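Please go over the structures that come below.
Across the two complexes that follow, subunit A remains constant while its partner is subunit B and subsequently subunit C.
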Partner chain A sequence: MSSVAMQIFNGISLGSVLLLVAMGLAITFGLMRVINMAHGDLIMIGAYVTYLMQVIFVQYIPEQFFDWYFILAIPVAFIIVAGIGMLLEFTVIRHLYGRPLDSLLATFGAGLILQQLIRTIFGAPNVGVQSPSFLQGSLEIFGLYLPFSRLFMIGLVIVCLGGLFIYLYRTRQGRRVRAVMQNREMATCMGISSRKVDSLTFAMGAGFAGVAGCTLTLIGPIGPTIGLNYIVDAFMVVVVGGVGALTGTVIGALGIGVFNTFFEYWTNASMGKVLIFALIIAFLQWRPSGLFSMKTRSLD
Partner chain B sequence: MKKYKWGIALFSAAFILSACATGEEAADTGFGEASAGEDEQSESAEDNEEVVVDEDSIPVGLLHSLSGTMAISETSVRDAVMLAIDEINEDGGVLGKEIVPIVEDGASDEPVFSERASKLLQQDDVAAIFGTWTSASRQAVLPVVEEHNGLLFYPVQYEGMESSPNIFYNGAAPNQQIVPAVEWLFDNVGDSFFLLGSDYVFPRTANQIIQAQLDDLGGEVVREEYTPMGHTDYNTIISHIRDTDPDVIFNTLNGDSNVAFFNQLADAGITSDDVTVLSVSVAEEEIRGIGAEVLEGHLASWNYYQTTDTPENETFVSNFKEAYGEDRVTGDPIEAAYFMVYLWAQAVEEAGSTETDAVREAAAGITFDAPNGPVEIDGDNQHVYKTVRIGEVQSDGQFEEVWNSGEPVKPDPFLENYDWAEAIQ
Partner chain C sequence: MSYLYSKKTLVILGFVILLVMPFVLAPFNLNLLGRFLAYAILALGIGVLWGYAGILSLGHGIFFGFGAYAMAMYLTLQSGGIPDFMGWNGITELPWFWAIFSNPIVAIVLAIAVPMLFAGILGYFTFRNRITGVYFTILTQALVIVVTTLIISQQQYTGGTNGITGFDTIFGYSLNSVTTQQMIYWTTVIFLGLVFLICYKLVNSRFGKVLIAIRDGENRTRFLGYNTSVYQVIVYSFSAGVAGLAGMLFVLQVGIITPSMMGIVPSIEMVLWVAIGGRGTLIGPVIGALITNGASTWFSQTYPDAWLFFIGLVFVLVVVFMPKGIMGIIATIQARRRAKKYGKDRKEETKLYNSSSI
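The block that comes next holds the complex of A and B.
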């Protein structure tokens, strides 16, 4: 019984990782329809920002404040990666809206440039980040071991999601974003500057990739090519959830996380991956547009 | 239209910038000329004329992945080979001639490896190739060196079950790494083993060997798990570890997955006091990426550590750091790559020529005082006698040796001297 409970927790925790990774993409690909292959590399940049923060703290800040580096790294990663995203949007993607295949190639190229940039600055080998002491170890309840780092990630995902929902559905700016994404021409007719909205939205999607990169340092490796580990998962979640639907992304991530964990528990890791992909293919036959599909009156 | 041009201009500027920066980095490594040349070589064959090969020099090939996923590990090995070549040249070279390295990039891609190998042998007529890392890339080069009767010096531990007359294997065979480690763990730690590996040929063969050996010793494999390359979520595996409660985890994971596995194991509150993890693919270089604090107390089995206490190693480590920077670390494959150049050079001196058959004949029984201790080429299978060492990770990311075999162990790639290994092919 306790092992089933443990697996449910593991499933949710894998789901939260998937959701963190996919949240940025749900905006850039889901809302804006840019096939953003650089998403994985933006995550990678977020991880390196965290590493950089750690190096700065080790060198310049008294030791007793060391643990704070991680808390500070989250907003810093968001801002820096959002900045890079904005630059990317301004120089490349802006010219490619409505041309998905071109944007696929261009963002892929941009991703390679980011990888090479990091390799040049930090070198090809992986770097190590030390988890802050308050996230090491695990919480023991009823014979279950719940790692603090996983609990923290689940919490962070909830905070990020909450923030995003409030922004999109409760603010004036968010309403503009939704208007532009649903019907660009109509929105511009209403006097909304679609340029400004595009730029901000893309930056926000990139910023969430940065946050994902930052938290992934708690569980995984940090190297110039880690983006490749996550990009497929991210697209999988967004497609299963339904392009353009944030609720779908949430349910998709949790569903894939839980199913994957149980398949893996019953068989093994390689087989688990095979089964989950088989399930997704079958699911997309049944619902080609994902769990939730958005109906709009615009002609795609 | 104007905007497009602007974007393109910005992009090309970025490209040029990154290209310049790469060039600078290469120059910093201390072998500026050779490193700077290699990019051009891999782009077009004509540029090879830069490498002057005349009667007073002997060309050798360096074939490693300098790009792609394996570049992380293989560039250091390339550096070690370059260091050895430089040292030998400073001492007057081989047969009074200078060794000229010709560097090729295998690009972490097997077809590229075999194509570059035939280019080195046919076009550059190299005396020997130093290179490859993964078993897949070695096996891609194998038919090429056999066809052209060339020589390949291979620096990495591997799964055994191979012995080509055209390859010298300088890494550990299973009986110089895995078998003694299992025996030591069985005697000193416990008898229930959890086998965890990446899903490809080396871990699967290694675990077959371990299973057979444990059956013979009277130990038990409680579970065998494989994860795809690049796997990053080990929570389910950790649940299995809790369920089966093994004494030992024998870890044959390769690459990035180690970072995820060790981090999540530590987060789950499982330390080296609860269960000992012994790894065969985690060396000093990898520890820097994983973080010493989560590895502390866990074990590894190799033939060499940066802390190995020999006078040769002291010189080797200080020369390596001097050439490539204080923050660099050495490790088992790096050391093997270094001493194998010396072994080749001695065999050539002995043979009086660089001709493959003569060198192979002369190589049998050649000895050298390597940083890990004395090594000797075994004429029967072209592997190397090496000392086996088990080390424990310390908080500074270095190993402290807890056991060694006392003397170099005879290589036995087909495990012929072990009755229990009969069924393994």
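The block that comes next holds the complex of A and C.
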């Protein structure tokens, strides 16, 4: 019983990482129909920003404040990666609207450049980031040991999700985003600058990738290709969840996270991946456009 | 005179040049060229799938890989006994799915038939539900991850990350002799010619026209009464079979196959060859594969660090600014020259896709 509960907890924590990664993807894909393969590399940069913060704290800040580096790294990673995302949108992606397959290839190329950049600066081997002391240890509840780092991750995802929800559904700017998502031409006619919406939304999606990168440093060492491990799973979340509603992304991420953990628990890591792939194909037989899809009468 | 410049003549000329290469090049360079030609066969398959049917598969690495593994298994079994890595993992008896590959004909047939069958099944379950475009692309990418992790984890049967290598003979002839290598090279060239011819016939047939129609307007084609998913499944399966063939020829000349040669990054690079050469053409993928791999070999030896920067930049620039690749540039130049001669409106010729077929 307790092992099942533990697996569910692990599944949720994996799902929350996936959700953090997929959130940005779902927004940019839903809004601009752009597949951002560089998203994984933005995650990687977020992780390296955290590493850099740690190095700066070790060098310049008195030791008793060391733990604060991680708290500070989260907003810093968000801002830096959002800035890089904005640059990426301006230089590459805005040329590729309406060409989703091309956007996939071009952003993959951009991702390669980012990877090599990081490799040149920090070197090819993985680097380790030390978790802050308040995230070490675990919470004991009903005989289960839940690591603080995982709980923190789940908490952070809930905060990010809440922030995104308020932004999209309770602010003027968020309303513009939803309007462009639903009907770009009509929104433009109503005086919304779709260029501005695109740029800001893309930057925000990238920012979430940066935060995701931060949390990955709690899981293990980081390297220039760490993004690749998560990006494909995150895309599967978008495929399963459908675009157009955050709920789909949440359910998709948690579903894939939990099923993945259980399959790996019952069989092994590689068979788990095979089973989850088969499950997704089977799921798509039932719901070809994902859990929640935007209802529209337009074709092509 | 103009016949001399026609594309058909140039293709035949290129083919003849490739045929006489063994008399010109040193064995090392010939081997390199043969490798690139195997890639060119693969690129042709992707070119038909993506350039004509508009289906982007980022999973062709695994079909290529399956062909390569099938051939590698046959070559390993030729040397007799069970492979070393099985011995290290305590397996003493050859499993049945290895044993069937000891027959060369079975190995060759399976190398092509299994990718076709697999692609057919996957294609049926996706295209049937109208899962196309980016959704399909993402699924193929996930497939690559699934298959490569499976191969790596089952190392007692597959050799794991080290893959399969150490072949000596094929059909009883030594693989290291210059004559055998020349024979393999010629086989590759002939298969390249055959695949080119088949693709040419395919895209210029009625079937090919429907593919182009699906690429340019899937729903419209469906409303005209065509069952588009049947066409998509067939072309996907065909392209997977071509990839399997290319994999077989590849492993004969390289002598090793590992999961990292068929992973996510190689699979995307395969698509890049087509993009660089020019999609929507058949010469384009061949030229793209040859030029990109040639440049890659030279560049990564001379400036190993700058290579990824370079290839990344090429990716972005080609896709964003010259979506028709090298063939597109040539077509533009030709159109300009023709416009000068006849005063024809050259804008007509520079649409994103033109369906001139070679």
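Following the convention adopted for this analysis, the second predicted complex is superposed on the first by the 294 of 300 C-alpha atoms of A that agree within 3 Å, B and C clash if a C-alpha of one lies under 4 Å from a C-alpha of the other, contacts with A are read in each partner's own complex, and residues count from 1 in each chain.
Everything below uses one rule, namely that a contact is a pair of C-beta atoms (placed from the backbone, for glycine too) under 8 Å apart; a residue touches a chain by one contact, two chains touch by 3 or more.
Only a predicted model underlies this, so the values are computations on that prediction, with no experimental measurement involved.
Student: Quick check on the superposed pair: does A:17 touch subunit B, subunit C, both, or neither? Answer first, second, both or neither.
Tutor: It touches subunit B, and subunit C stays clear.
Student: Which holds for A:55: it touches subunit B only (first), subunit C only (second), both, or neither?
Tutor: It touches nothing on subunit B or subunit C.
Student: Between subunit B and subunit C, whom does A:279 touch in the aligned arrangement: first, second, both, or neither?
Tutor: neither
Student: Looking at A:127, would you say it contacts subunit B, subunit C, both, or neither? Reply first, second, both or neither.
Tutor: first
Student: One more residue to check, A:288. First (subunit B), second (subunit C), both or neither?
Tutor: second
Student: Quick one: classify A:179 as touching subunit B (first), subunit C (second), both or neither.
Tutor: Neither subunit B nor subunit C is touched by A:179.
Student: Of the partners subunit B and subunit C, which touch A:116 in the superposed model: first, second, both, neither?
Tutor: Both partners, subunit B and subunit C.
Student: I'd like to know which partner A:156 touches here: subunit B for first, subunit C for second, both or neither.
Tutor: A:156 sits against neither subunit B nor subunit C.
Student: Scan A:270 for contacts with subunit B and subunit C and give back first, second, both or neither.
Tutor: both
Student: Taking the stated contact definition, name every residue in subunit A that is touched by subunit B in one complex and by subunit C in the other, in rising order.
Tutor: 92, 95, 113, 116-117, 120, 228, 268-270, 273
Student: State the interface residues of subunit A toward subunit C in the complex, per the touch definition above.
Tutor: Touching subunit C from subunit A are residues 29, 33, 35, 92, 95-96, 99-102, 104-106, 108-113, 115-117, 119-120, 228, 232, 235-236, 238-239, 268-271, 273-274, 277, 280-281, 284-285, 288, 299-300.
Student: Within the complex, which stretch of subunit B touches subunit A?
Tutor: The touching residues are 3-4, 7, 10-11, 14-15, 18, 21-22, 25, 69, 71-72, 75, 199, 225-228, 230-233, 235-237, 239-240, 242-243, 256-260, 263-264, 266-269, 285-286, 288-293.
Student: For the complex, give me every residue of subunit C touching subunit A.
Tutor: My answer: residues 56, 58, 122, 125-126, 129-131, 133-135, 137-139, 141-143, 145-146, 149-150, 152-154, 217-220, 264, 268, 271-272, 275, 305, 308-309, 311-316, 319-321, 323.
Student: Taking the touch rule as given, give the residues of subunit A at its contact with subunit B in the complex, in rising order.
Tutor: 3, 6-7, 10, 13-14, 17, 91-92, 95, 113, 116-117, 120, 124-131, 135-138, 140, 145, 147-150, 218-223, 225-226, 228-230, 261, 264-265, 268-270, 272-273
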